[in-house]
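Next up: some structures, all given as C-alpha cells.
What follows is chain A paired twice: with chain B in the first complex and chain C in the second.
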Partner chain A sequence: MRLTRWWSRKGAKIAHAKETSNLAFEPLAPPALLYFPVQQHQGAPAVPVVKKGDEVRVGQLLARADGPVSANVHSSVSGKVKRIEPVLHPWGIWSTTIVVENDGENRMAELPPGVKDPTELSPEEIQRRVEEAGIVGMGGAMFPAAVKLKPKARVDTVIVNGAECEPVLTCDHRTMLERTDALLYGMKALRHALGAERVVLAIEENKPDAIRLYRELSKVYGYFEVYSLPARYPYGAERVLVPEVTGRALSPGKYPDSVGVVVHNVATVAAIADTLREGLPLIRRPLTVAGGAVKRPANMVVPVGTPIAHVLEAVGLKERPRELVMGGPMMGITVASDEVPVIKGTSGILARTEAELHHFRESACLRCGRCVDTCPVGLMPTQLARLSARGRFDEADRLGVTECIECGLCSYRCPADLPLTQLIRMGKREVLKKARVKRGA
Partner chain B sequence: MGATVSTIVTATATMGAVGAFFAIALVALAKRTASAEDEQIELLTNLLPGNNCGACGMAGCAALAQALAKGEAVPQSCPVASESQIQKLAEALGLTETVHRERRVARVRCGGHRAISQWRADYEGVLDCRAADLVGKGGKGCVFGCLGLGTCSRVCPYGAITMSPTGLPVVNEALCTGCGLCEAACPRGVIAVMDASQEVFVRCVSTAPGKQVRSVCEVGCIGCGICVRVCPENAVEMLGHLACVDPNRCTACGICVEKCPTDAMQIILEDAGVLTAV
Partner chain C sequence: MARWIARLVSDRTAQNHATVAAQAQEHEPEYETTQVIETDPGAALLVTPGPHIHDTLTAQGAMLSVIAALLPATGVAIYLFGLPALWVVVASIAGAMATEALCQWARKRPITLWDGSAALTGLLLALTLPPTLPPWMAVLGAAVAIGVGKHAFGGLGANPFNPALVGRAFLGASFAAPMSAFALPFDTVTGATPLAEIAATGTYSDLWALFAGTTGGSLGETSAVALLAGGAALLWRGVIDWRIPAGIGIGTAAVAWIAGVDPVAHLLSGGLLLGAIFMATDWVTSPITRKGKWIYALSIGVLTMVIRLWAAAPEGVSFAILVMNGATPLINALTRPKGSRKR
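So, the complex of A and B:
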C-alpha cells in the first residue's frame, strides 16, 4: 500500500516556507474607505442594489448575484456609499466597485437568525442561505459555493480541502487550528445538505498538529474522517486531490461532481458555518501576509474590501516591495497596484523584494523531460509551451492544453529556465477564446 | 578510364529508364483516376489569392478550395480576396449572385504610446501581448489600450504591421489585405478591420469614464460628447463613455477631428496617411 502510494505520487516536493504557521490570527480594523468590486467570484458580475449616499450596515447586501453562476456582495462595515464607479481590481480589470465610507460604528444589519444545529435546516434552506451569503470558494478559485450545493449528479463524498499545498500561506492551517468548532459545524452542514456518506478532511502531512487534532475529534464526532496527504505540491488541486482521496479518476474536462465528489476549502466551510450559525454573510476573510519586504509577517482576518495598502501598513514594510502578489508564490496573481482591495478569494498578500523575484533567463530546451515528469495532470508542458509560443493553438488543444491547472511546477522545475506555465496559460486562454467564439457563432 | 565512362553511361541509362517508366506510369494513372472534382479544386486554388495566410480558418488556400468544391464554404469565406476575385470564384462554382466587397484594412484604435500614457507596473515575462494581458492585464495604466509587445505584427502574414519606436503598431495599408488575423490575435481588441473607405474613426477603445481615461492617457476618448454635438451628419454616437463613428453617415468633413479635445478622433488623409502624433 505504502509502496503503491509512493509510486503513484504526483507533483514535486518544494520548499514549504511556512514560517507563519505558529502565528494566531489577528483581526484587522477596517480602514476609512473600503472597495467592494461586484466581481468577486467566477461568473457574471453582481448588480449593485445600493446607490450613492445610501447608509449601509455590516452585512448588508450591496450587490445582488446575476444569473445562476454569480454571488452576492455584502458590506463589511457600516457607513455611507460614497460612489459607485470602475476601480482597479486585483485581476487588473476596472470592475464596477461600490466604495463605502466607514463610519467606524460597526452597526449591524438585520441578519437572518442562526441555528444551533445545521440538521434543523432542510438541504434546500442551507443552499439558499449559502447563496444569500455570497460565499465563494476561498482557496482562490472563487467559484460560488452555493452552486456546488446543488450538484447535477448524486454526491456521496465531500472533501474538505485543508491541504494548503501552496508554500508560505498558512491561513488554512490556522483556520483548522483556531476555528475547530466552525469547521465541525460546517462539515456537518455539508454532509446534511448534500446527503453525503463520507466527509473527508484532507490535510497535508506537514501539518501534524492539525491531523492529530482532527483525528481525535473524528473519534468523538464520527461524521467525518481525516485523510493525510503527501506533503507535495500540488496535492490541494482538485484534479490531484480527488483521485488521491477517493481513488476515482477525473476525466478530462470534467468536474469532481462527475464522480460524486464535491471539494470545499476549509475557509469556505468555516464561512458556511458562520452563515448558518450566526447569519453572517462572507464579509471577512483569513489570509497570510508575508514576503521579504514585510516587517512582521502575520495571519490576519481582514474585512473584505480593505485595500492591500492598509493591510501592508498594519504589518509594516521594511522596504518598497518590487512585486505584490495576491495568493501564494506558486499560483498567486501579481497585482499592479497596492490600491486594489482584498476580495473574497485573497488567501495571501506577498510583498516581495528584488532578491525574492525570479527573472527568467530563457535558454534552449534540453528535452530533459522534467516538466513532463512533474506535471500533476500528465501533460507535456514543453510541447504545449512550444506550440503556444508559435501560435499553434489548435495543436496545443489536441494535446490537452485546457487541462492545465496552472500550478506552475513545470516552470519551477525547468533547468533551462523557460516560462512554460505562462506560455501554456496563454495557449489555454486562446483555445478557450476560440471555443467561445465558435459557440457564439 | 574506359570503365569509368561506361559506369557513368550505364548508371545514367538505368536511372533514366527507371525514371521514364515511373513518369509514364504516374501520368497514365493520374489521367485514369482524374476526376472533375480534382480539376475544379485546382482551378479554385489558382483563383484564390494564394497567400496561404490561414485567415479563413483553414490550413491554406488549397484547403479552402477543397471546402469550396464540397460546398462547405462560400467564396466570401476568403476574407482577403478582392471583389473581382470573389466574382471569378463564384463563376467557377456556378453561383449566380453578385458579391460586393469593399477593400478592408486593419486600423489601430489606440494612440496611447509610451510617452503619453501612464504605466502602473513593469511587466516582465513572455513578450507577447496575449501573455502579458493575463498578468494583471499587463503593466499599462489603461486596461483597454495597446500593450505594445507586437503580437499583431508577428501574426501578420503580409508584413503589413510594424511597431513604432514608441510602442504602437503601424499598419501599412498598401500591404494590408484585411485578413483579420491581427484583430483576432489582439487580446485588447485594439486592432479592428474596417472598410478602407472609412476615413474617420476613434483612436481609443476605452469604455472607462473620462476621469479615469485622463488619469492614464493623454489621447484617450473621455466621452465628452463634443463630436456628437458638432457632427453635421449625426454620424457619431456615444456607446457608454466611448464615441463611435457610423461609417455610412460620415462624410469625413473633419469637424469632429478638429474639435476633439484629446485628439482621440482620427482622420485618414490620403496623402499623409494617418494623422497621428507618433
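So, the complex of A and C:
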C-alpha cells in the first residue's frame, strides 16, 4: 500500500512556508469605500440591480446572476451606492463595479430564515439558497457552487478539498480548525443535497492536527470520512485529487461529475453552511496575508469588496512591496495596484519584496526531464512550451496542451529557468480561442 | 490619474500597459481610498504571470554538484596512480574548457565557461582514461569531446551523444595501445585489469579490492565506494534520476545471472558504476520520460553485458551508453506519458 502510493505519487515536494498556520483568524473592519465587481466568478458577469444613490444593507443583493453559469453579488456593508463604473479588477481587466460608501451602521438586510438541520430542506431548496447566496468556489477557481449542486450525472461522492497544497496559504487550514461546526453542517448539507453515499474530507499530511480532529469527529458523526493526502504539490488540484481519493481516472476534457464526483473547497463548504444556517450570502472572505514586505503576517476574515490597501494597512508594511500576489505563490495572480478589491476567490494576499521574486533567466533546455517527471497530468511541458513559443498551436493541441492545469510545477522545477507554464498557458489560450471561434462560425 | 498609469508600468507588460492606460483615460475614475503603497514611477508594482517562486536547483548548480560528486573518485585515482593521473585530469579539463571557449567565440555565442558544463565533460573524460596516457592525448580527446561531441550539434542541450564518451571513443579508436595500457595502483607497471580476469574466470578473486578500488583500470573505474558516495549525494540533491542507475544495475545483474557469471563482480568492475551514475544520467542525452528512462537504462545494462561476454572488446559500458544515447529520441517518442499522447 505504502509502496504503491509512493510509486504512483504525482507532482513534487515544494517548500510549504506555512508560517501563519498557528495564527487564528482576525476579523477586519470594513473601510469607508468598498468595491464590488460584477465579475467575481467564472461565467457571465452579474447585472447590477441597484443604482447610484441607493441605500444598501449588509447582505443585500447588488447584482443578479445572468444566466445559468453566473453568480449573485451582495453588499458586505450598509451604506449608499456611490458610483457604478468600470474599475480595475484583480484579473487586470476593467470590470463594472458597484462602489458602496460604508455608513458604519452595519444594518442588516432581511435575510432568509436559517435552518438548524440542513436535512429539513429539500435538495432543490438547498440548491436554490446556495445560488441565491452567490457562493462560488473559494479555492480560487470561483466556479459557481450552485451549478455543482445540480449535476448532469448521478454523484455518489463529494470530496471536500482541504488539501491547501499552495505554499504560504493557511486559510483553509484555519477554516478547518476554527469552523468545525460550519464544516460539519456543510458536509451534511452537501451529502443530503446530492444524495451522495460518501463525503470525503481530503487533507494533506502536513496538517496532522486537522486530520486528527476530523478523524475523531467522523467517528462520532459518521456521515463523512477523512482522507490523508500526500503533502505534495498539487494534490489539491481536481485532476489529481479525484483519482487519488476515488481511484477513478478523469478522461481528458471531462469534469469530476463525469465519474460521479463533486469537489468543493472547505471555505466554500463553510460558506454554504453560513447561508443555510444563518441566511448569510457570501460576503466575507477568509484569507492569508503574508510576504516579505508584511510586518505582521495574519489570517483574516475580510469583507468582500475591501481594497487590498486596507488589508495591508491592517497588517503593516515593512517596506514597499515589489509585487502583490492574490492567491498563492504558485497559481496566484499579480495585481497592478493595491486598490483592487478582495473578491470571493481571493485566498491570499502576498506583498513580496524584490529579494523574494524570481526573475527567469532562460537558458537552453537541457532535456533533464524534470518537467515531464513532475507534470501531474502527464504532459511533456518542454515540448508544449517550445511549440507554443513558436506559434505551432495545432501541434501543441494534439499533444494535449488544453489538459494543462497551470499548476506551475514545470516552471518551478526547470533548472534551465525556462518559463514553461507561462508559455504553455499562452498556447492553451490560443488553442481555446481558436476552438471558440470555430464553434461560433 | 498619473499614479495609476505609473504603477501599471512594468518591464514585462509594456503592451498591456498601453491598453490599460488608454482604458484608464477613457474612464477617468477617481479613487479616494488611502493608499498604502505610494506610487513611484521608478518602482511600480510588477505584474508577472505565475508561478512566482522557483526551485533552488539551477543548471549551473547541477553541473557543479556533479563535479563535486566526482571529486572523491578523482581524489582516490590521484592517490592510487600518482602525478600522471593528476596530469591527465588537468589536461582533459583544460582542453575541454579551452575548446568550449574557442567554439563559443567562433559561433559568436556568449562564453559560458562558468556554467561548469565544459569542466564537467573534461573531468568525466579524464576519468575514463588510463592514468598513463600522455596528457596531450587527453587534450585532444577533450577537444573532440567538446568540438565534435557538443558544438558540432549546436552546443549545450543539443548534442545527441554524451560528449565525454565521444571523446573517449575517438581516443580508443585512434590510440588503441596507450588507451588499453592500464597501470596497477602505486606502480608504473601495467597489468591486466579485473575485467580481463572476470572475462576468463567469470568472477574476481578479491571483491573487496574491487569495492575499495585498489585495482588496475582507468582513473575513475577503480573505486566503487567513492563513485557510490558521489552518486548518493546526487540522488539526495535530486540531480540524477534513480531510475537510470537502478535500471542499468538490474539489466547488468540479470544478464550476468542468466549467463552464469558473478553479477557482483560485473557490477563493481570496469566503468560500470562511473557510467551508470555519471554518464548515462547525463540530462541532455538520456530520455525525458519515466518509462523511457527504464527502457534506456535496462538496455544499457543488457548491452554492456552482451559486449563484455560475447564481443571482442573487454569493456562495453561506454559503447552501450553511446548506442542508447542514439536511441533516446525514439524512446522519447514511443514512451509519451498518458496526457500527451497524440490525438
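A few comments on the model shown:
Criterion: the second predicted complex is superposed on the first by the 441 of 441 C-alpha atoms of A that agree within 3 Å, B and C clash if a C-alpha of one lies under 4 Å from a C-alpha of the other, contacts with A are read in each partner's own complex, and residues count from 1 in each chain.
Note that in this section contacts are C-beta pairs under 8 Å (C-beta built on N, C-alpha and C of every residue); 3 or more make two chains touch, one makes a residue touch a chain.
None of the values given here were measured: they were computed from a predicted structure.
In the superposition on chain A, A:M331 makes contact with chain C only, not with chain B.
In the superposition on chain A, A:A153 makes contact with neither chain B nor chain C.
In the superposed pair of complexes, A:E430 makes contact with chain B only, with no contact to chain C. Of the two partner chains placed by superposition, only chain C is touched by A:D417; chain B is not. In the superposed pair of complexes, A:G92 makes contact with chain B and with chain C alike. In the superposition on chain A, contact is made by A:L366 with chain C only, not with chain B. Between chain B and chain C, the partner in contact with more residues of chain A is C. Contact with chain C, but none with chain B, is seen for A:L33 once the two complexes are overlaid on the shared chain. In the superposed pair of complexes, A:G391 makes contact with chain B only, with no contact to chain C. Shared contact residues on chain A (touching chain B in one structure, chain C in the other): 85-86, 88, 92, 94, 333-337, 419, 422, 425.
Listing the residues of chain A that touch chain C in their complex gives 14-15, 31-33, 85-88, 92, 94, 167, 252, 307, 309-310, 312-313, 317, 320-325, 329-339, 350, 352, 356-358, 363-369, 372-373, 375, 377-380, 382-384, 398-400, 403, 406, 408-409, 411-417, 419, 421-422, 425. For chain A in complex with chain B, the residues that touch the partner chain are 85-86, 88, 90-94, 333-337, 359-360, 389, 391, 419, 422-423, 425-426, 429-430.
Considering their complex, residues 4, 7-8, 10, 16, 20, 23-24, 27, 29, 31-38, 40, 43, 45-55, 57-59, 61-62, 115, 155-158, 241, 283-290, 293, 336-343 of chain C touch chain A.
Listed in rising order, the residues of chain B touching chain A in the complex are 120-121, 124-126, 128, 130-131, 134-139, 143, 154-155, 185, 208-209, 212.
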